Structure formats: structure tokens, C-alpha cells
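Below, each structure is written out as C-alpha cells.
Okay, so chain A shows up in both of these, paired with chain B first and chain C after.
On to the complex of A and B.
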């Protein structure tokens, strides 16, 4: 045992002499673990809340019966129970509190199937208080805080209804309020109406559904994945892809520093073996050393990951809310599994990165001498395999593009593309440098190129990391910028009215419209309405647009027939969103049947419009037609056309007249600012992860250069001895690093644009259902090039300065030393 | 869960809503002895009116419709069937329409064979039609379980009725006929439960003849036999120091019927109550001092020791019998768990009946 301890002490002494190497190893492991676990924490947080949402009193995880319209009579529930069906009623609606719209769920706790998660764990007294008027309104702690209310408060809904006292129920998702079914019917003014019936555990023989409910109810299978999960899958895949990229870039660092450390310690290992330490003992100690380093770094990485996740969570939550309406709590809650997985990935990452070195140490002959040179040579042979592998990977990427039809295939293609490019990079650099070597005539430049080629294998991993980070940066940057530009133009067209009003109810809306018609500055009142229905089994929004030049002049259409707005008036035509068109493969001229309360409504597709940021499919129809087909549509939202200078006084007057606040009344500028703010937050995470990745790549370059610097002295010392000054040598070293970095960065630009194209034309279309026009932003590319070179400069500076100031004695010693 | 947390039969009461959904019920048996503030009191001298009194009495806290049947198939194998509907008010006051109704309902059903006992339960809130009792035409139901008056239903006989219940692994459908009117228990229907005023209104139809079909695990058996219905309602049937009871309903082969129960007190003292019913339907209250009920054998079941065999003696009636259960494992594993099953007896009299043991 004591022998093992001594061996470990000797091995560890290496790190004391090379603290920088230890630092790079730890940084590599920490950054790999941190980014990976940070992303995992975010994903876990989001998935947990989807699960909570799905399990909330019979989300899609429970089999259920639904009607053809939004609600159906309660009598069906009683009839089914009396026919042996173990069903439990649910009524769902929305309720506005202080401008916030919350989901109201009415449940029946007595018949609620016990297998439905989150059935309220109400005690005797609580259950009674829950069902007995005024009842209780269960909310999550987040919702309570969001509403700035306290437990027991009885808030007023926007329509003046007094709501039951609030009570916190820990398992609930934010944004949901749960009350007893009877109380929900009252609050939503839907007496004896239900939204769906949850089906509990079988209770024996039952009559057929048809014989009891006729066609009124439809059986819906329980669904393992919720709509929300399906919708947000792409977002999480995106995050995971970034996490994985960072993880690999981190492993590059680990690999290069461990590789060098082992190589440098070979004499030490040999000595230890000669002193009688068995190969087995040595290997055990080496692995133990590595694992303990990985454990320390893993824990540190997890702490960093936690902070990264905590820092990004508000943006992620905002993105998910903005994009999909998913509610994610703002407080990170992590399971023990997360910590374990983080440490495990750190350890396994370190072992994978050290694999080659460990194998070599195991086979170490006692009398072998250190051969850092041979190590590099072997690396070089490996390059040939790499190029062949790159080709194979490119072919795979092509296959994914041609044959794949899913988001995953899109990402796989991206990954293959990046991997192939990274694998090919050393070969390309080698080619460029050997061309330079051929072109050079004078000895020093010739040596410069030859020596650069010789160094390539040591730098290639770091350069590959840089290439990947840059390419992804270019790709994502281009996509975000394309999106941003498209979005702003699109928003200008979509938000064409000058003032937007949201009345509390139809009565107030009518009063407002009457009042507004008498105001001279109001050029037009543009009613709007939205109904929710189903199309091909998926939710569909039906948007009603009034027949007004505001829309025909501004509303952005991707493609349409001639004079679509005239055609729309007839009420048998619709514009459809790009998402719907792609999802259902619909194009202009096709006819679809929209289910409406009075029966199916056939409409012809006469145009397609972009509907960025909307996870649901949407169609736009004439407003009058909408209110005819969906008579229950609330008519509380409308827009106003007002001369710009008269907007502020009108807003003030309306606020006074109808006691409105900013939540029910907004001018166009405010709406746009809000939309852009949401938009910007959506990509804040991507941008942050981008920066992290680039940072990690920079560190990878720095560590590679630092480790190389030591082993390069035998090459540099002869040059110094024939009269080239240390300063000149340092400049040559700097030029070398900068030139390979420049070549890498230049290669990263087209690769990045290819990545952007993949994101825009493949991944986005699959993930969100829309395709953006592809723009190239040269200025942005130049900037990134600058950043890349600056990063390379920073990384190269330290070893170069060291070289320039190196004591001549150190250089002379090279000739004396073994190496 | 305290020993007093397991009660049922005529004992479903207090905070029953908490039972609903089978969730933990902390108050347990204590509910039976809760004070009856706001509910109607049970007083002697009530005049029973039928069919009105077959229906619910929402002004009282608790109420039940309870049928047990001792049956035999064609080969002579014995069966038992139980059908129970409980009502409990969650708040004093009249029953309201819709979900605000303030009444909770619970159903228990079981079948027993010498080698099998199956039990199940279901729950409902009043006011919407999932469970309830109507008098004209007579029907008591919860989900698809029913006790329904058939053509020529006679309110004084509570017959003929059809009785159905089902679960995943058993079901039954029985037709119950009676040629004699129902019988008032206790003192003309006033059933005293303690010396401190706790009491219930209580009548029975012990003269049912039953015929129908029991299906266990998809294997049907045509059965005939005797059945007994108990109807009881109250606002506070037990005193606070009473912990459970042992209850017999016996069909003597002389055509006589015996209802006998023992209320156990926490201090170990017991109160015996009972009625002896002659074949022509006269019901005579039995004086407590005359009788004895002594457990002769215990069964270990669900972690409890339950007295499933008894010696019962009523010297004044010349009755001295030993009872044995058809299936000693007749455990009702419902939200309120208790023992209830068919028994047979020998001695001075022979016959069959039902035994209920609660609070163990």
C-alpha cells in the first residue's frame, strides 16, 4: 500500500513542476463537464415541468374521452358512470387575473383516477374545503409569486368574478389553477358542461361508448409524449447539440494535455519500473491519479455547470414560454442523478481522452526512452486515416440530407458535416503548408513551412476545436441574423394597426367601439378574433381579419393568388400559415375542411403567410366569416388606425374613460418592442453557448501551444545556435501560429455558411415549420475572423513571450540533455 | 392507522368524503361519534312512511341501504353476496342541486365462496346523478350498481327488487322477493346505541328470497337462497368511547330471524342489542342482560386478529348456537377495511346468516 502511495506521490510531483499543464488538464475537464451538465440541467428542468404539466389532472398521459366541440353536457358523464365507465370529469378554460391569462382546470377529486399523477394530496379537511363553495384554488408557488398574491387571497378575475381562496399545491405547474369541477363551471359560466372525461382503472364490464354517447364522444389514447414535448424537442435537441459540441471541444484539451503529460513522464515511469514498481501497480496508480483528477474537476465542473444553467435559465424559460407557451419554473431543482451523471461523464471523458496514453503506459518496456518525437510521428500517420474517415463522414452527411426527413436527421447531418470538416482539417493544412514549402526558396522560409508541418500533429486537435467553434459560430450567427432581419420586416407588416385594445368582455368592447366611432382621430376600428379548433388531429387557430386596406397593404404573404384579399371576402377562402402548409403539405388551390361548431367549413387555400414563433398551425379568414362560423368567438380584441401624433392623447383618454392599463391597451411601438424583446431572449441562450464554445476552443488552442512550446526547444535551439535571435525565433513562432489559425478560420467561414444553410433549410424547417430567406452578412464574418485571430494571438502570446525571454542557458542545455 | 380507523357497515360515517377515492382517512371511526351539530336528531316515536323512508334523509348525517344474501348453487355449494350503498352529508343543510350538493356516496360490494372472497368499492358525489336513491319508482344506485324496484313493487315489502353489482373479477345480479312486510328494529324503529342518547332509525327486510346469478372470474353460477336488507340513518350513532362492533343477522331454520350486535367500548365493556323476529314478522327487542356473545376462534387476517367464530346464547329464547364462517378470510379490503361474510350455525338452532366485525 505504502508503495502505491509513494508511486502516486512521485507521479504527482510532475504536476508540481508543471502547474500550467495541470491547470490546462483541469480546465479542459471542468469546461467539458460544466457546459455539458449545464445544458443537461436546463433540459432536465424543462422536461420535469413538461411532465408536471402532462400529469396535471389528466394531461395527455391518461386515456380520455373528448367531445367534438369544446364542451359537452355533463349528463354524458353520469350516463357513462351508470354504464360502468370509470370516468372522471374535467372542465378547462382560461381565466384572466390582472391581465394575465391562466389555465383553469376544474376537476372532480372523488372520481379522479388515482393513477393520474398529481391528484391533490388533500387531507380530509382540505378535500372538504376544496369541494365546498367557495372552495379552493390550487396554484403553484411560482404562479402565486407571479400574481404577487399570498396564500388565502381571493383575487378578482378581470370580469369582476371573485375567485376562491388560493392555496399552494407543490406539484402543480406554473400558470395552472385547479378548482373543483362545480366551482369551475360557475367561474367559467359553463353550467353542466365538461371539457373531457379521464378514464380510470377498469372497473368491470361496461357498455359500449357508442351505445351510451353515440357520436358525441371520442376515445383518445394515452400519449407518452405530450404536444409540448414534441414541440420543444427541437429546442432541447439544439441545446444538447451545443452541450455535446462543448464537451468534445473540452475533451480535445484534456486529450492534448494528458498526451503530453504522459509523454513527458515516460522517463519517470521507466525509472519507477526500474526501481521495482510493477507494471500493474503503475497502471493502477496512473488510472487512480486520473480518476481522482477527473473527480475533482468533475465536481468543479458541476458547480460551474450549475451556475451556467442558473444564469441561462431565465432566458431558456423565456424562450420556451415565448416560442411554445411552456411554463418553466425559474428556480433550478436538480436531482441527485444529475450530479452523479456529471461526475460520471467527467471521469469517463478523462478516461476516453487518456485511453491512448494509458494503453501505451501499460505496454511500456522498462528500457524504452522517451520519444515525444515518435509520438508526433505516429500522430501524423493517423492523419491519413483521418482523411479517409472524413470522406466517409461526408458521404454519411449526404445520406442524411437526401434520405433523412426528421429533425434528428438534420442534426445528424450537421454533426457529420462538422466532424468531416474537422477530420479533414489537418490534411488540408498539411497540403497548404507543403505547397508553401515548395514555393519557398530561401532556407528560413523553407524551414518555417517544414517545421510548421512537423508541428501540425500536435496542434491539429486544438485547431479542429477552433474550426468547429468558429463554424458553429458563423452558422448560428448567420441564422440568427437572418431571422432577426426577416422577423423585423415581418413584424412591421403584421403589426399594422396603430393601437391594440383588449377589452375585458364583449360588453365593454361594444362600449369602446361606440365611443371610438365618435372620435375624429380614429380612422378605423379593426375588429379581430381568434377561434381554436382542430385540423387533422392537431390544434388549429383560426384568425379573423377584417376587410380593410390596413391588411391588404401590409399583411406579409409568402405567396398567394392574385387579389387574395378580395377573394377572402367571400368567406370560403383562407390564408394558411407556413407551418400548416409544411406540416400538412398544403399549397395554394388545395381545399381543407375546418371543423366548426355548425359543421365542417370547407375553405380554399389562396395564400401562405409566415407566422414566426407560433407553434400551432394557423389559418386566416375573413372576420365576418369567422364570427358566422364560430359564433362564440370573443370580440374583445381590436386594432385602431390613428394618426401617429394623436396616439398618446387617445391612449390617455381611453385609459381614463375605460380604466384600462398597459396590459389591455398598447400602441404599435410598444407591441413591437415587446415582440423584439421576446425574440432577442429566444436566441440569447444560443448566443451565450456560442460564446462559451468559442472560449473553450481558445483555451484548447492555448493549452496545445503551451504544451508544444516545451517540446519544441530541441528544434529551436539549433536555429538559435546558428545565429537567429530569440526575438526573431519568437516572431517566427508567432507567425506560424497565426498563419495556421488564419487558414483554419478561413476554412471555417465557408463551413459556417454551410452550417447556417443547414440550420435554415433543414433544421429550422423541421423544428419550427418555417424557412427563412438565407442571407450572408460579410461584416459579421469579418468580425468573427478578427475574433478568431485575436483568440489565436492571445493563445500564442504567452509561449512566444516566454521564448523571447528565454535564458540562453536553457537553450544551450538542449544540446547537453537527452532531449 | 389506529384500530378505530377501520369500521364500516352501519358504521360509514364522519368525514366519509375523505374516504372517497380511497385516500387515507385520518379521522376514521371517530367520525361516527362526532357531535351532530346542525343535523337532525334521532328521537323515539317516529312514524315510518313508505316508500318515502326508502329514500334519502339528507337532514341526517349518515344513512345506508344494506343487503346481504346467503345463497347456494345447484350443486349445493354456499355463496354469499353483499351490496351496500352509503350516504353521508359533508355539511349540515338541505341537499343542493349539482356539484354543491353536500352529500357523498360510497358503494361496497362483495361475493364470498368457501375458497374465495372478492370485494370492491366505489365513490360518488351527490347532486349530479352518479349516485342516489329515488322512491318512485324505487331505485338506489351508484355507478352501474343498482337496487331497483321491479314491476308490482310493494313499498311495504320493498320487493320485488333487482340487485346488481360488478367489478373486474366478479359480478352478480339477484332478484329479491318478499311475501311479508319489512320489520322495524329496536323499539319500533328507534335503535338505541348507548346510554347517552346515540341512536338511529332502523328497519329491515329479513324475509327476502333471492334468486339469480353470481359470476366469479367469468364463471357463472345460478344461485338461490335468503337475503336480508337493513336500512338505517342517524346523525351520531356511536358514543365517543365506542370502538367497533360485532353484528349478526341470522336466518333460523324455524323461519325466525335474529338481529344481534355487540358494541365494544374502549374500556372493554360491551353493550349488546338485538331484535328477535317471529316468522310472522313481529319484532321484539331483546334485553341486553339476557344474552351472551363469545368469540370461540380467531383468524389472522390483514395483520389483525379477528373473531370469526362465536358462541351466541339467548337463554330466554332457548337459543344456544355456535357460528362458523363460510370463509374465515372474508376481509373487505376497502377504504374502511372490515370483516364481513356469510356464516352458518348449529346448536339449539341451525341456519345461515351474515356476520360483520368492525374496528379490529
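On to the complex of A and C.
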């Protein structure tokens, strides 16, 4: 044991003498672990919330019966119970408190199956208080804090109704309020109506569903994955892909530091072997040393990861809320598994990065090899092997593109493309430098190119990291910018009305419309409506658009028949969202059957429109036709056309007349600003991870240059001895770094555009169901090129300054003791 | 104590096989110091490396006390170097990240045979007392080689093997270092086999053996 400890102490003594090297190794491991763990923390936090949502009194993890419309008569519940069905009723709707819209669930705790959600925690004692007037309203602690209320408070709904006292139910997801079903029916004004029936697992004789409910209800199987999980999968996959990229870029640093340490410790390892340390012990101790360092870095990385996740969580939560309506608490709560996984990923990452060095150590001959320096042949073999590997990976990328049909295949194609480009980079650089060498006539430039070629193997990993980080930055930047430009145009189409009004109920809406028709400044009142139904087993939004030029002039149609708006008036035609078109492979001229309360509604598809950011399928029909087919559609939302200068006085007048606030009345500019704010927030996380990755790539370049700087002296000292000053040598070194970084950055630009195309044409389509137009932004590309060169300059500066200021004695020592 | 009999070793390159040792026989008794001389490429260092178990012979036998080296695995040869041999190289091969004191203690520690009194004596006789806290890079060549000799002798090996230990030193320093080595070898009672191409230094040892064309002349 003490032998192992002594050997370990000797190995560790290297780091004491080379603290900078230790720092770069730790920085690499810490940043790799931090970025990966940070992203995983965000994913875990979100998934915990989805689980809580799914467990909320009959989420998708419970078998249930649903109707063809949003609600069905309560009598069906009674009939089914009498027929032996262990069903429990749920009514769902939305309620507004203090301007916030919350999901209201009405449940019946006595019949609620025990396997469902957190019904058992209601407890017998609380059951009485829950069902007897005034009842209780269960909320999560986050919702209570959000509403700035306290337990026991009886808030007023926006329509003035007094709500039951609030009670905190820890397991509940934020944004949900649970009451007894009788109270829910009153609050939602849906007497004797139910949204679904949850089915318990009790086995017993029961009549068939058909014989009791006919076609009014259908059975929905419990689902292992929740809707939210499915919807948000792409978002989390996106985050994970970024985390993985940062992780690998971090590992490049680790690889470079460990490689340097190994090269420097080669004589030490040989001495240890000569002194009688067996190969097995030496290798065991090397692994133990690495694992110890990885554990320390892993813990530090986890702490940093926690802070990164905490910093990004508000933006991620806002994105998930904006994109999918998922409620994520703003406070991070992490399971022990996260900490363990973080440490494990740090250790495995370190072992992967050190793999090559460890294999070298295992095969280390005790006697130094007396072979001549055959670097040229070795490099040629290595480049050939890498180029062949790159080709294989490109072929794999092609296969993923042509044969793959899933989001995972899209990401796999992207990963293969990036990996292939990274593998090909050294060969391209070698070719460029070799052409330079051939073209150079004077001795110093010739040496410059020849020496740069020799340095390639040492620099290539860092340059690969730079290439990947830059390409991803260009790709994601182009995608976001394309999206931003498209989004603005799309918003102009979707938010074409000048003022948007949301009345408390249909009665107030009618009063408002009557009042508005008497106002001269109001050019048009544009009623709107939306019904929810099912199509091919998935939710479908049916949007009612009034017959008005506001829509025919602006609606963001991607393709349509001639004069679609005229055709829409007839009530038997529909425009469909791009998501629905792609998901169900529907095109213009196809006919679909929309489930409506009065029976199926056949409509012909006459156009396809962009509906960015909407996870649900949507169709747009004539407003009058919608209200005929879905008579219960609330008519509380409508838009107004008003001359721009008349908008502020009109808003003021409406607020006074109908006691409205900003949440129920907004002008187009405010709505657009809010939408753009949500949009920007959605991509804030991507931008942050992008910057982190580029930063880590910069550090990788720095560590590689520091690594090389230490082994460069034997090459530079002879030049110094024949009369080239240290300052000139330093400038040559700087020029070398900048030129290879420039070539890498120039290669990263087309690669990044290809990445952007893949994101837009493949990943986005598979993830979200819509495709963006592809734009190239030259200014953005130039900026990134500048950032890359600046990062290279920063990374090169330290080793170059050290060389320029190096004491001549250090260079003389090269000749005196060249081991 | 050391008996080398009929030892052969060849190196193969792509085009030819070069026989470096062609049946070497050599004995070194306990307490005896032997100089192994020969011109460059005669196989001196190869022979030393084979005796140290750093490389494997093609044929013949090396017996150190009761152990036959060819019977040993890699781990067994490492154990032999650790417990019974002391090695000194021309390039000193000190551990750059350890102080002089830690370098001196290193081999005796891993052999589990650290003797504080002997360590003190080595420090004193090698004149290293004032250098204990320094690192190898802060020492002159002669000082580094003294540390290497101290490290090799610290676990009281049966045999001290030295490969051109004075090759990097000036004449005066070389004489001084070799005198110290001889003195310490005598005090520890171990055998001493030194490779050198200096006939002057070889003459200071008990016996000289000349290697020529892969055979002991």
C-alpha cells in the first residue's frame, strides 16, 4: 500500500511543480462537467414538473373516458357507476385570479381511484373540509407564492366570484387549482357537465361501454409518456445536444492537458519503472490519480453546473411556458442521482480524454525508444486514417438524412456532419500548409510552413474544438436570425388587428361590441373564436376567422388555392397549419372530417399557413361557420381595426367604460413587443450555451498552445542561436496560431451554414413541424470570424509573450540538457 | 553473486538483424567492483540493461543471487530492480518534481526498506545536506549524479549498476563522484558494475572487463 502511496505522491508532485497545467486540466474537467450537469439539471427540473403535472388527478398516466366535445353530461357518470364502472368525474377549465389565468380542476374525492395522482394525501380528516361548503381550493406552494396569497385566503376570481379557502398541496404542479367538482361546475358555469371520467383498476363485472354511453364516450389508454413530455422532448433534446457538445469541447482541454502532462512525465515514468515500480502498479496509480482529480473537478463542476442551471432556469421556464404552456418552478430542486451522475460523467470524461495517454503508459517501454524521428510518416498515416474516418462519418450522415425519419436521426446526422468535418480539418490544414511550403522560396517562410505542419498533430484537437464551436455558433446564429426575421413577418400577419380585447364573458363581449359600433374611430370589429376538438386521436384547435380584408391581406399563408378567402366563406373549407400538414401528410385539395358537437364536419383543405411555436395542430375556418358548428364557442375575444392615432384614446375610453386592465385590452404594438420578448427569451438559453461553448473552445486552444509552447523550445532554440531574436520568434509563433485559426474559422463558416440548413430543414421540421426560410447573414458571419480570431489571439498571447520575454538561459539549457 | 552465462541479444530492423551480444559470460562477486569497457556500439549498455531486467535476452542466463532473470515476469523483474538492484544512468534520471530529499528516499521507500541512519550517512558522505530542499533543475550535473547514486544505494542493493555515470561530467567532478560511489559501495558491501569507455576511470575499479564485438575479450 505504502508503495502505491509513494508512487502516487511522486506522480502528484508533477502537478505541484506545474500548477498551470493542473489548472487547465481542472478547468477542462470543471467546464465539461458544469455545462453537462447544468443542462441535465434543467432537464431534470422540467421533467419533474411534467411528472407532477401528469400525476395531477388524472393526467395522461390514468386510463380515462372522454367525450367527442370538450364536455359531456354528468348523467353518463351516474349510468356508468351504476353499471359497475369504477369511474370518477373530472371537470377542467380555466379561471382568472388577479389577471392570472390558472387551470381549474374539479374532482370527486370519494370516487377518485386511489392509484390516481395524489388523491390519497387528501386524507379522511381533510376530505370533509374539501367537499363541504365553502370547500377548499388546493394549490401548489409555488402558485400560492405567485398569487402573493397565504394559506386560508379566499381570493376573488376576475368575474367577482369568491373562491374557497386556499390550501397548499405539495405534490401539485404550479398553475393548477383543485376543487370539489360541484364547486368547479359553479365556477366554470358548467352545471352537470364533465370533462372526463378517470377509471380505477378495480376489477369486477361491468357492462360494455357501448351499451351504456353509446358513442358519447371513448376509452383512452393510460400513457407512460405525458403529452408535455412528448411535446417538450425536442426542446430537451436540443439542450442535451448543446450540453453534449460543450462537454466534448471541455474534454478536448482535458485531453490536451493530460497529453502534455504525460509527455512531460515520460522520463519520470521510465525512472519509476527503472526503480522497480511494476507496470501494473504504475498504471493503477495513474488511473487512481486521474480518478481523484476527476472527483475533485467533478464536484466543483457540479457546483458550477448548479449555478449555471439556476441562472438559465428562468429563461428555460419562460421558454417552456411560452412554447408549450408547461409550468416549471423557478427554484431548482435536484435529486441525489443528479449529483452522482455528474461525478460519474466527470470521471468517465476524464478517462475517455486520457485514454490515449493511458494506453501509451500501459505500453511504455522502460528503455527510451532509439527510433529516429519519423514524425512525417507517422503524421501522413494519421491523416490518411482520419480522412478515411471522416468519409465514413459523412456517409453515415447521408444515411441519417435519407433514411432517418425521427428527430434523433436529425441530431445524429448533425453530429455525424460535425464529427466528419472535425476529422477532416487536420488533412485540409496539412494540405494548405504543404502548398504554402512548396510556394515558399526563402528559408524562414519555408521553415514556418514546415514547422507548422509538424505542429498540426499537437494543435489539431484544439482546432477541431474551435471548428465545432464556431460552426455550431454560425449554425444556431443563422437559424435564430432566420427565425427572428420570419417571426417578425409572421407576427405582422397573425397580429393584424390594431387592438385586442378579451371580455370576462359573452354578455360583456356583446355590450362592448354594441358600444364599439357607435364609435367613429372603430373601422371594424373582428370577432374571433376558438374551439378545441380531436383529429386523428390528437388535439386540434379550430380557429374562426371573420371574413375581412384584415385577414385576407395579412394571414401568413405558405401556399393556397386561388382566392382562398372567397372559398372559405362557404363554410366547407379550411386553412390548415403547417404542423398539421406535415404531421398528417395533408395537402391542398385533401378533405378532413372535424369532430363537432353536431357530428363530423367535412372540410376541404384550401391553404396551408405558418403557425410557429404552436405545439398543437390548428385549422382556420370561417368564423360564422365555426359558431354554427361549435355553438358553445366563447365569443369573448375579438379584434378591432382603428386608425393608429386613435388607438390610445380608445383604449383609455374602453378601460374606463368596462373596468378593463392591460391584461384584457392590448394594442397590437404591445402584443408584438410581448411576443418578441418571449421569442428572445426562448433563445436566450441557446445564446448562453453558444457563448459558453465558444469560451470553452477558446480555453482549449489556450491549453493546447501552452502545451505546445513547452515542447517548442528545442525547435526554436536553434533558430535563436543562429540569430533570430526572441521577439521575432514570438511573432512567428503568433502568426502561425493566427493563420491556422483563420483557416479553421474560414472552414467553419460554410460548415456552420450547412449546420443551419440541417437545423432549419431537418431538425426543426422534425422537432416542431415547421420549416423556416433559409437566410444568410453576412454581417453576422463577419462578426463571428472576428470573435474567432480574437479568441485565437487571446489564447496565443500568453505563450507568445512568455517566449518573447524568455531568459536566454532557458534557451541555452536546451543545448545543455536535451533529454 | 551475479553470474551471466552465454548471453545473446540481437536487434532486428526492417532490413537486417544485428547481433549485439553473442555469448557473453561474466561474474561479479559481492563487494567487487567491475568496470565494463568497450568501444561505442559494442553492447555495453545492452548488457547492463539486460542485467537490470530492463530488456529481455534472446538466450543465455542471468542469475542474480538465487534468481534467474529469464524466469521472471515483468512484475518480477520490477521487484528485482526495486529490492536488489541500484541503477545509475548517464542522464541522472532524477524525478524533476521531487526535492533532493524525496528523490533520495524514493527507492528505499517503495522498496519498504528505508533506513534513516543509512540515509543520513548517504546524505553526509555525498555532501547533499545543504541541497536537500532543492529540486534537480537547481543542481549542477555533479550534484545531480550524487543524488542519483544516493537514491540507488539507499535501499542497500545487492548490486549497483551504473551506465556511464560520469559521461556528462567534467574530469575533476567525474573523479570525485566515482570516488564517492566506490566508497559507498565498499561501505554497503554490494557489488558494482560500471559501464564506461574511460580506461582511466576503469582502472580505479577492482577489475576491468572489455567487451568487443559482442563478446568479452
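Just so we're on the same page, the second predicted complex is superposed on the first by the 804 of 819 C-alpha atoms of A that agree within 3 Å, B and C clash if a C-alpha of one lies under 4 Å from a C-alpha of the other, contacts with A are read in each partner's own complex, and residues count from 1 in each chain.
Quick note on the criterion: a residue touches a chain if its C-beta (ideal position, glycine included) is under 8 Å from a C-beta of that chain, and two chains touch if they have at least 3 such contacts.
The structure presented is a predicted model; accordingly, all values stated were derived computationally and were not measured.
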Touched partner set for A:10, first chain B, second chain C, both or neither: second
First, second, both or neither for A:388, with chain B first and chain C second: neither
Partner chain(s) touched by A:182 [first = chain B, second = chain C, both, neither]: first
Per-residue touch tally on chain A - higher for chain B or for chain C: B
First, second, both or neither for A:112, with chain B first and chain C second: first
Which superposed partner A:273 touches (first chain B, second chain C, both, neither): second
Partner chain in contact with A:132 - chain B first, chain C second, else both or neither: first
Touching partner for A:444 - first (chain B), second (chain C), both, neither: neither
Chain B - residues contacting chain A, complex: 15, 17-18, 20-23, 25-27, 90-91, 98-100, 102, 104, 120, 122-125, 128-130, 141, 143-144, 166-169, 171
List of chain C residues in touch with chain A within their complex: 49, 52, 54-55, 74-75, 78-83, 85, 87, 89, 91, 93-98, 102, 106-107, 109-112, 135, 151
Residues of chain A touching chain C in the complex: 2-3, 6-7, 10, 13-14, 16-18, 267-268, 270-281, 366-367, 819
Contact set on chain A toward chain B in their complex: 74-75, 77-78, 81-84, 108-112, 114, 119, 122-124, 127-128, 131-133, 180-183, 185, 191-192, 202-206
